[in-house]
Amino acid sequence: MSKKLVLVMLAILIAATLVGCGTAKPAEKQTVKIGFIGPLSGGGAAVGIGAKNSFQLKVDEVLADGTYPYNIVVVYEDDASDPATGVAAATKIASDPDVVAAATHWNSPVGLATVDIFHKYGVAQVFWGTIHRDIIYGNDYKEPVRVIPTSEQSMELAAEYAVKFDRMEWVIINDTTDYGTKIRDEFTTSLEKRGGKVLEAIGVTVGQQDFSAVITRVKELNPEGIFYAGVTTEAAGVRIQSVKMGLTDVIFMGPPGIQSDTFGEITQADAEGTFVSGTFDVNSSEAGKAFVAAYNAKYTEPFEQNGPYAYDSAAIILEALKAVGPDRTKIVDYILSHTFKGVIGDIQWDEYGQNGVGGLTMYVNQDQKWVKFEDSEYASGVRTFPWVK
Amino acid sequence: MNTFFQLLISALLVSSLYTLVAVGFTMYVGVINLANFSHGDTCVMGTFLLMPLFLFATKMGWMTPLAGLVIPALIILVILVTGLWGAGIYKILVKPLLVAPRLILLLASVAAGQVIREAIRVIYPNGSNPQVFPKLLPSGGIELSGLTLGYDSLTIIFLTIACIISLNFIIQRTKMGLAMRAVSQNSDVSQIMGINIEKTIISVFILGSALAGLAGILNGTYYGIAKFNLGSNLGIKGFSAAVIGGLGDFQGAIIGGVLLGFIEVFASAYIPNGSQYQDVFSFLAVIAFLIFRPSGILGEKIFEKV
Amino acid sequence: MLEVNAINVKYGKSIVLQDVSLSIQQGEIVTILGPNGSGKTTLVRSIVGLTPITSGEVNFFGQKLNHLKSHQIVAKGIVVVPEGRGIFPKLSVEDNLRTGYIFLENDRDVMLEKIQDAYTRFPILGQRRNQLAGTLSGGEQTMLAVSRAMMRKPKLLLMDEPSLGLSPKLVQQTFNIIQELHQAGTSILLIEQNAVKALAICDRGYILQKGKVVLNGPKQLLISDERVHKAYFAME
Amino acid sequence: MAEPLLTVANLTMKFGGLTAIDNVSWTLHEDEILGIIGPNGAGKTTVFNVVSGLYTPTGGEIRFRETLINGLPPHKIAKMGIKRTFQQSRLFDTISVLDNVLIGMATISKGIFVNSLFRRDLLSKELALNIKDGLELLHHFSDYLAENLYRRAGDLVPGERRKLEICRALASNPDILLLDEPAAGMDPNESAELMDDILKIRALKKGIGIILIEHDMAVVQKTANFIVVLSYGKEIARGTFAEVSSNPLVQEAYLGSESEYARS
Amino acid sequence: MSHSNTGIPNSNAFINRIITPFLLFVVVAIVYAIVAYESVVVTLLSLVIGASLFVGYSKIPGLKEIIKESIRKDKIILLVTGLVLAIAIPLTLRSQPYIIHILVIAEISIILALGLNFQVGSTGIPNLGYAAFYGVGAYASALLSTRLGISFWISLLAAGFIAALFGWLVGLPTLKTRSYHMALVSIAFGLVTYIMLNNLAFTGGPNGIKNIPAPEIFGWSLFSSIKIFGNAYPVQLNFYYLVLFITLLMVVVSHFVYNSKIGLFWNAVREDEIAAKCSGINASALKLLSFSMGAFLAGIAGALYAHYVGYISPENFNMNTSLQVLGMVIMGGMDNIFGVSIGAFILSVAPEKFRALADFRMLATGLIILLMLMFRPSGIIKQQIRIYATKYFSSKKSSNGDTNG
């Protein structure tokens, strides 16, 4: 019997050595890895793929002339908008000693779950897509910074416009996701700060199709404005059904989550004159226009709202790497202590690592397209809002 | 009063869609005692089949002169395809597993649903995003003392009622319907009476899936939006409706669908903060039914056979 | 007309029928007697293809039935009154009668005529034509089952324990019907537990025990056989 | 005479409009075998279902010794010592012969859960005892079963299935055994063996009362001390086999009219 | 023990001697290659080799018996080496915390799957909302430790018991229902729980709960890494060993329960509830026990997950999770503890290995489950007949000489 035990152990040893031989990887000095995580599958894949392409675009541009001192390999991982998958992806990237920094996530729950992991490994984590406040402000980590503006900033703008149009009584319809509830709370705060009033906030679920009960309630409340806190699919449903049920004389506004051309395509004529307090308008700068041109020349998928932020995230990481070399700690410090020039403007961090500028823009829907309000025919007086009686 | 009628119409619309799904569910349970959890995804398949066909027809320029002809033709085509899909599901998946324990078949249908759902997402361009469903029906509507009755809503309700009536006709009056009813009660005796049981089961699958396809199209038409993952919810709701009505009972499924639609719409309208708990209400209703009247509204109390 | 040649039937690992052979000539009433669980019902099921046969052959007018589906077999003119009457409880009486005809032939006038015949024969069925069959009494259900079987002129009628669970009066009635059918020229294979009744009207009989034919012959032979007597008339 | 084991008084069971058992009364004493006969559909199995607690009777009472057991859940009735077999044998098909018998001994002692984790020695002692008893029981009825302990019950032939079912019911040493048509599907040899088995049960388990539903008159004749004849849920006769079989009502109900056979 | 080899015939002696080491070698090599190598080619190749070996195992006549026999003989050696490997191998993966992370998740999945196996496999209750129990456990533990500052060890147990209580409550209404109805009730409960987790304020709503503290052992947090011989080992390794310990404990508990009368009676209820009742089994109580036991394991798994990752949100416990765990149970083989563990391992490693498939991942998982159901519905390892040790028969058979009990 002891003989058998020896045999077994021997077998394992052979197995382990055979397999173990391959694990040693010769490290190549010139090559440095950077990471990208986003929803490449599942419901959020379109945004994730747009961001991924934008990220790759910047990397390619930087490497194009061959003067960049390092060979760059981008490791793309999928979080599938799912925290558990995201944690695995983050562990994979952050624990890889060759990875020096990463650009991450669209969904806040995923971001909340991974921020600790990147901190544990001291890897710089540049957020191109999550809006939850706590990701940046809920900890004292140096690693995470965020390029995309917070929802607070965005809702301040929305509230400003509400006052501007003299619409003070609002109803919020929010979806019950982290995004919807966050936007709901922040719009409420911003509006009330300016003397406005939220009559009621009504929750709906993602995937819900019939909103007649909600709209009936809204009609009873008789508000001056409806703010939809959520994303495109349900927002479009709410808009279509509220018009159908005769709710035409109120202003309709939403957060960046509905700033997709799909909104106009789905709601068609009903979209006219609705507002979105949206993200950066890429076409407002030369750099932005160049980005759009370069992107469209290379990819067919749209870059969605988050493309420019992912593009700038790549710029930040590559600049830091070039400046201080492949050292995680130095990169973290460098990123946090510098200002970067991106397509969205000059990126400056506050003390927590939140970008202060982000090119927040108010858009109005004109002929099923989101048009910067200042440039629209509504602002110039050519058209009048359909909700003005 | 006005809002009440508005809600009533919404409830009828939601009920229509649930009923169409529930009828298929209940028919499967009736003939081969299978709860087909991929049924909801078959609906979405209908939705996603119509969209490219519509685009194609528009591109070919058939729409402008002949919209009134082309659209019904497309709908019928889609319904046929989903119907055939149903037959395929039976042949490939269900039939080989009929000998296995029912749990296995149930799980297989769940897995099949996932495969359909994911396949739609992956194959359809930009499939993860919400898709614009083409306007098949004229917009506008009838104004009745401040109450708007959209043409599309009316058409959907009308179509559903028409479907239910014709299905009822098929089941109650035709030879095939007689065969279906007979098979659902006693498949052995049915065979002895000369019924081709295989053919009957396949026609049930074709009918059920065709209705699901129609439900998918109507769903898209009414809401104007299509998303790949709507099926799981539709399927569960359809199944719930079928259970409330009494599984295996055709008329029960109609009552169940209507009841579930009304519960959803009215509970979320009249219970404060109800909208975000909409699904909770319907599921609690289902659980209550299962506990207090497990055989459904129309099902009879069955003494356990020993 | 019907010939069953040495068929074997297995359920899983257990043998239900073993080398069973029997035959029926035109115009005969043949009975198969056997206790509960002796394989009688399985025999009926294998003849009409509901239970697959492991080996052996079933021929009907010289045609092999083995690999045909049930509905194809019955289309050849075998009509079955299944065990427990096998009516469809949630179909109306009239729909039940329809099922007897409509899947084999498609002549509306003939069907209506046949339904009318059934109502003439059993007026009670006519009165209850729109009632669900499940609400009928046991005797009425038997009437319905027999009428349904007669919806199409059967070449061979297989009756699986038609007297099961009926009151003596109804049993008598049922056997009268069987005799009537026989006199009208129908060949009948009668499977029964009620040996007295069955032997009274049959021409020949088979005794089935534990899946095997242990005895067969004309009725007098069976009646006088000691074993039959012991098994079925032990009460005396 | 000793107190009765089981007393059924004015038992009635209605399903909706249908009366399956109509005001039936009888008693069962120790060491007695009671036969219940009657044509199919007479309500015999329903009697078992009511006695074993699967149905709650709609009228009358059932007493086990002194205790009223109407409407008690089946597992409680089984635990009190009333075990049954089924007309269509209901074994636990995917588990082994031995396990079927062990389940028949169904006793969950208090604290089994804790014991199964921490006092496994206690359980293994109990198991050893159970297996020993089970084996003995199987050997009494069928050497085949005793030698194929690990065969799936679903793979057994019908005769062995029935024996296993009897063993399962007997495993817990019940006071009353309800046998539902044990001879169904048996040839005369097997029925003869069964009769021996039934008599063996009586010899083996002192004081056990057996109720037997049976179609095979030979079995009834040989084993039952007392017979109750049911027809349409009503009792139409009772007495010894000789008494019952000469009763014209019974012959009418059971065999059809005798005169006819004579006539042909 | 020393003369246990005496009975083996000479001709088979050699094969018998090498078969266990050989098997172990193959299995370890394949598993190691699949888990530790980040290459689709290696993964697929190993899978193909593994699958063909498996087919060979079930198709080649006689082989099955030989292998089964030798596994049975060398059970203790296999267990010991298995344990040694489970402890030793992660040490070689020092530089790949990601793989250790996958292994931790795999361990948690094993606990989860074992719990569901009690319900679906042993008792035959179709539960399609199992993630609810997992979620309740995770939230219970997370809330207890973040809001009340209760230590991990207590909250871990509390999570198990709270989930068990929840399972018992869910079990009550399902007692009266059967098959499809039961499936629907479980779906409904799963979804209602998910919605409630999402909408209630005290669970943190859709944002979930963050900063869940790591377990501490004598004041030492598992979030700090160990240094051995100057080499820092990743923190995942701490969890690996903690979860390994608890998983093994749960496997042993499951094994004991399965092999006690409880397991046997569960089977009886699954096979034929009425016959079980008439045998004196309180079917309702046993079903409730099955619900609670299953939920208990789910609760433990949930607590482990919460404290390992440090953050939970309702998304972790949706319908998809339920289906995934169900897939593990089916794939492994219902009512077979070893099989279910294998199933859990495979289905928690596979999605990570299929990362390369990106968008097709969910499709692939669905297809795998579907194909598995169609071609091998009994799972990788079939439900086994309970074999009792010979010592229980000692009083009966003494002629064969196996009196070593």
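Each chain carries a letter (A, B, C, D and E) given by its place in the written order, and its residues are counted from 1.
The working rule: a residue touches a chain if its C-beta (ideal position, glycine included) is under 8 Å from a C-beta of that chain, and two chains touch if they have at least 3 such contacts.
Bear in mind that the values here come from a model prediction, so they are computed numbers and not experimental data.
Following the contact convention of this document, B is the list of chains adjacent to both chain A and chain C. Farthest chain from chain D, judged by C-alpha centroids: A. By count of C-beta pairs in contact, A-E exceeds the other of the chain pairs A-B and A-E. For the pair chain B and chain E, the distance between mean C-alpha positions equals 37 Å. In this assembly, the C-alpha centroid of chain D lies 42 Å from the C-alpha centroid of chain E. Remark: chain A and chain D have CA centroids separated by 72 Å (rounded to whole angstrom).
Looking at chain E, residues 195, 199, 274, 359-360, 362 sit in touch with two or more other chains. Counting partner chains per residue, chain A has residues 42, 45, 176, 203, 205 touching two or more of them.
Within chain C, no positions touching two or more other chains are listed.
The touching residues of chain B, when paired with chain C in their complex, are 175, 178-179, 181-182, 185-186, 188-198.
Looking at the complex, you find that chain E touches chain A at residues 1-2, 4-5, 17-18, 20-22, 24-25, 28-29, 32-33, 36-37, 74, 77, 81, 85, 89, 92, 95-98, 101-102, 105, 195, 198-199, 205-208, 210-211, 223, 234-236, 305, 309-313, 315-316, 351-352, 355, 358-362.
By the touch rule above, chain E contacts chain B in their complex via residues 120, 124, 126, 128, 173, 176-181, 183-185, 187-189, 191-192, 195-196, 199, 274, 319, 323, 326-327, 330, 359-360, 362-363, 365-367, 369-370, 373-374, 377. Taken in their complex, chain A has these residues touching chain E: 1, 3-5, 7-12, 14-16, 18-20, 22-23, 40-42, 45, 77-78, 80-85, 87-89, 91-92, 95-97, 108-109, 112-113, 116, 120, 132, 134, 138, 176-182, 203, 205.
Every residue of chain A that touches chain B in the complex is listed here, in rising order: 42-46, 176, 202-205, 207-214, 216-217, 219-220, 232-233, 236-237, 240, 244-246, 260, 262, 265-268, 301.
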